[in-house]
Amino acid sequence: MNDIPYRSALIIGAGPGISGSLTRLLRTAGIPVAIAARHIDKLTPLVEETGAIALAADASDASQVERLFAETDARIGAPELVIYNASGRVRGPIVELDPTEVEQAVAVSALGAFYAVQQAAKRMLPAGKGAILLTGATAGIKGFALSAPFAMGKFALRGLAQSAARELAPKGIHVAHIVIDGVVRGERADPSDSTLDPDAIAQSYIDLLRQHRSAWSWELEVRPWVEKF
Amino acid sequence: MNDIPYRSALIIGAGPGISGSLTRLLRTAGIPVAIAARHIDKLTPLVEETGAIALAADASDASQVERLFAETDARIGAPELVIYNASGRVRGPIVELDPTEVEQAVAVSALGAFYAVQQAAKRMLPAGKGAILLTGATAGIKGFALSAPFAMGKFALRGLAQSAARELAPKGIHVAHIVIDGVVRGERADPSDSTLDPDAIAQSYIDLLRQHRSAWSWELEVRPWVEKF
Amino acid sequence: MNDIPYRSALIIGAGPGISGSLTRLLRTAGIPVAIAARHIDKLTPLVEETGAIALAADASDASQVERLFAETDARIGAPELVIYNASGRVRGPIVELDPTEVEQAVAVSALGAFYAVQQAAKRMLPAGKGAILLTGATAGIKGFALSAPFAMGKFALRGLAQSAARELAPKGIHVAHIVIDGVVRGERADPSDSTLDPDAIAQSYIDLLRQHRSAWSWELEVRPWVEKF
Amino acid sequence: MNDIPYRSALIIGAGPGISGSLTRLLRTAGIPVAIAARHIDKLTPLVEETGAIALAADASDASQVERLFAETDARIGAPELVIYNASGRVRGPIVELDPTEVEQAVAVSALGAFYAVQQAAKRMLPAGKGAILLTGATAGIKGFALSAPFAMGKFALRGLAQSAARELAPKGIHVAHIVIDGVVRGERADPSDSTLDPDAIAQSYIDLLRQHRSAWSWELEVRPWVEKF
């Protein structure tokens, strides 16, 4: 049983994969869920399956994030759980990258997370309760060659997570950063489990949400058993 | 429900606190548990409460650890889950420390864990299955002043955990290192939850054991919500 | 003697303090130096003292950074050494921060460094030689409460530094990130050395520049002897 | 010029390679040097070349380390600079390692360093001055598979270094840990510089010794420009 102590959830950067699995687990636990993405057409199957509501928003735009939270308030109540899954990525040799695309990648991975944390904290602080989970990547701990923008965004996200945890945890808000190390499984079956099963990842998010405040984790890394690290 | 996929457990360095909570959770899940300590008299209440068996062993002595595993094999079957909780600590200015006590502290915190990992791996590798959890401390990540021996032992333990995870995870053995950051609660009630509740810590160990192999964590930090870090 | 193997230097985010000390050491070694800042009036004393040239540029604007490098090329030759010292900082509780100021802080600390690394690499790669030093802070390793934007920017800078080092070092470009941990001394004397002497910091930058390519460091932390860490 | 502010040096775990280069640089700077190893025959060429004195000691034995320092006191004066280079290594699958060899490896890499730090601190604390450099390895930061004992020893060494730096730096003793990431060059020439030149490594040790106390580093990583990390 997932005795999750939060009564409403907003997932930003939704799509299939981790967000889909989280939506299912939260809905199964009876929690109203809003899922946000830039284009919500792709969310229709998940909405129909789970009864979650879909909201359109560009996470890299502060005013859209503000409006997204207001809509969530109106539709399912102020979110007591906020999960940020959006990320921006552009790869290539440093000299070949387009500065505008680099800015946009950092905006989606990190600035959008800041806007979300800010809106979440505005709602959670008065209640003295809430949880904010930020989806990171190995790139937030190790900056790989040919992937500077992703490293910048995911490092920044981790810095935000740490700073927010230090500020908000003593006020009753559980902030955690999850490092996804490996490829998340898509539609294809993978009996060898060499890719991350999104349901397995989502279960670890749920485990974090169920932690007692006397023993909170601010970070969790997950990787397939056979992954090199 | 704790659907833990292991059928026998050995906890080394047992006492009240974390080991007590773990013993209770594992026994409740129907798993035979052996608990080992240098002096087992203190374990009598836990044995009587849970039906665990107590075995005497000095974890810092390789031959005693070898014998402990043999006795565990005989009493409850080869352990599929091994938890190492022992640690040695001596504090003081570097110039005032007794070298013999420093050696003993490192032996209990780290060498004993090596002996346990080795004996565990001997049993788990043929089965292609098992879990080894090593109880660390913040001192394994940050070496504090006036506590060099504890830093040495806990850093070494973390190095062992990482090396063992890299070697054994691809062979089906889940190795994880848990960083306890803060004071573990004793008998005294603590309604403010500013100390770590051992039951809450133990639940996070159980969560690690329930992780699917496609998304294993090799490390987890836990601290009270109000703990500075 | 500072036998620095680079023949032209560009320092971005110049001012007194570290940039001033670096300018002096580089000029003493006979190296032409361009120093860039948003407002170059404040650089006049340093220019008069050292013979460096001052160039105006807003480091958070990609096109201004591009123009800055072109001007440097024209004035002292393509820079073989580029040092990025600019950083943006805004403090306060997460809920009280202005999103626009957060964006600007991250832009100055991290995006500007990306633009500079990109322009530097364009010049250094064909030569197979060069050095890029990025000035970080403890905030790039530890995200403090009430300082999320600085943590985001300095974490992102560190991610950039690591990624750039992995990409560019094997092409002959030494990329290093210097973690300044503590308060940099201003005009006031400090005989106790409890603040960082900018000349001492600058000497460590020079040491990095003098490293042989068979033993390069990609990161260096400096702090006063009495600083808690 | 190497204006090193220490007047006597003891290098433990000496041999060719890093210790040889350090001995040459220190002797060139006019500093009396004692070099210690278990078997000092191999040191004869270095002694003849540099005028250093050789002392026999097993670094993993506390009483021998105590005697080594006493002899150093008598021969060149209490060492103001102590460098610990000894390390113990045994490789292989965890189940195949001999516990006695594991203990010995940890003793040489870490316990011996503790004995040396302790003896050094006893001499340096009254003077309020000194430097202790500890030679680490990547294995102290990342625990590789099939190398658990080396990981344990080098992690423990790093924990010792951090703890000692926190305790001793505010008393005027510079403690630093150098992470050697890569293969140290032997006799064979290596024009591609894909291995670490011991002279280049030694120069970075000297740079650390020359740091002003207002900007000390407690750790430095060095690796060849082409090394993957």
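Chains: A, B, C and D, in written order; residue numbering restarts at 1 for each.
Here is the rule we go by: a contact is a pair of C-beta atoms (placed from the backbone, for glycine too) under 8 Å apart; a residue touches a chain by one contact, two chains touch by 3 or more.
Keep in mind that what you see is a predicted model, and the values were worked out from it rather than measured.
> Return the chains common to the contact lists of subunit C and subunit D.
none
> Could you work out how far the Cα centre of subunit B sits from that of subunit D, in whole Å?
Roughly 32 Å separates the two chain centres.
> Averaged over CA atoms, how far is the centre of subunit B from the centre of subunit C? Could you give it in whole Å?
45
> Two-or-more-chain contact residues of subunit D, please, as numbers and ranges.
166
> So which chains end up touching which?
According to the stated criterion, the contacting chain pairs are A-B, A-C, B-D, C-D.
> Spell out the residues on subunit A that touch subunit B in their complex, using ranges where they run on.
1, 166, 169-170, 172, 174, 185, 190, 193-197, 199-201, 203-204, 207, 210-226, 228-229
> Under the definition above, what is the set of subunit B residues touching subunit D in their complex?
62, 93-95, 97, 99-100, 102-103, 106-107, 110-111, 114-115, 117-118, 121-122, 125, 139-140, 142-149, 151-168
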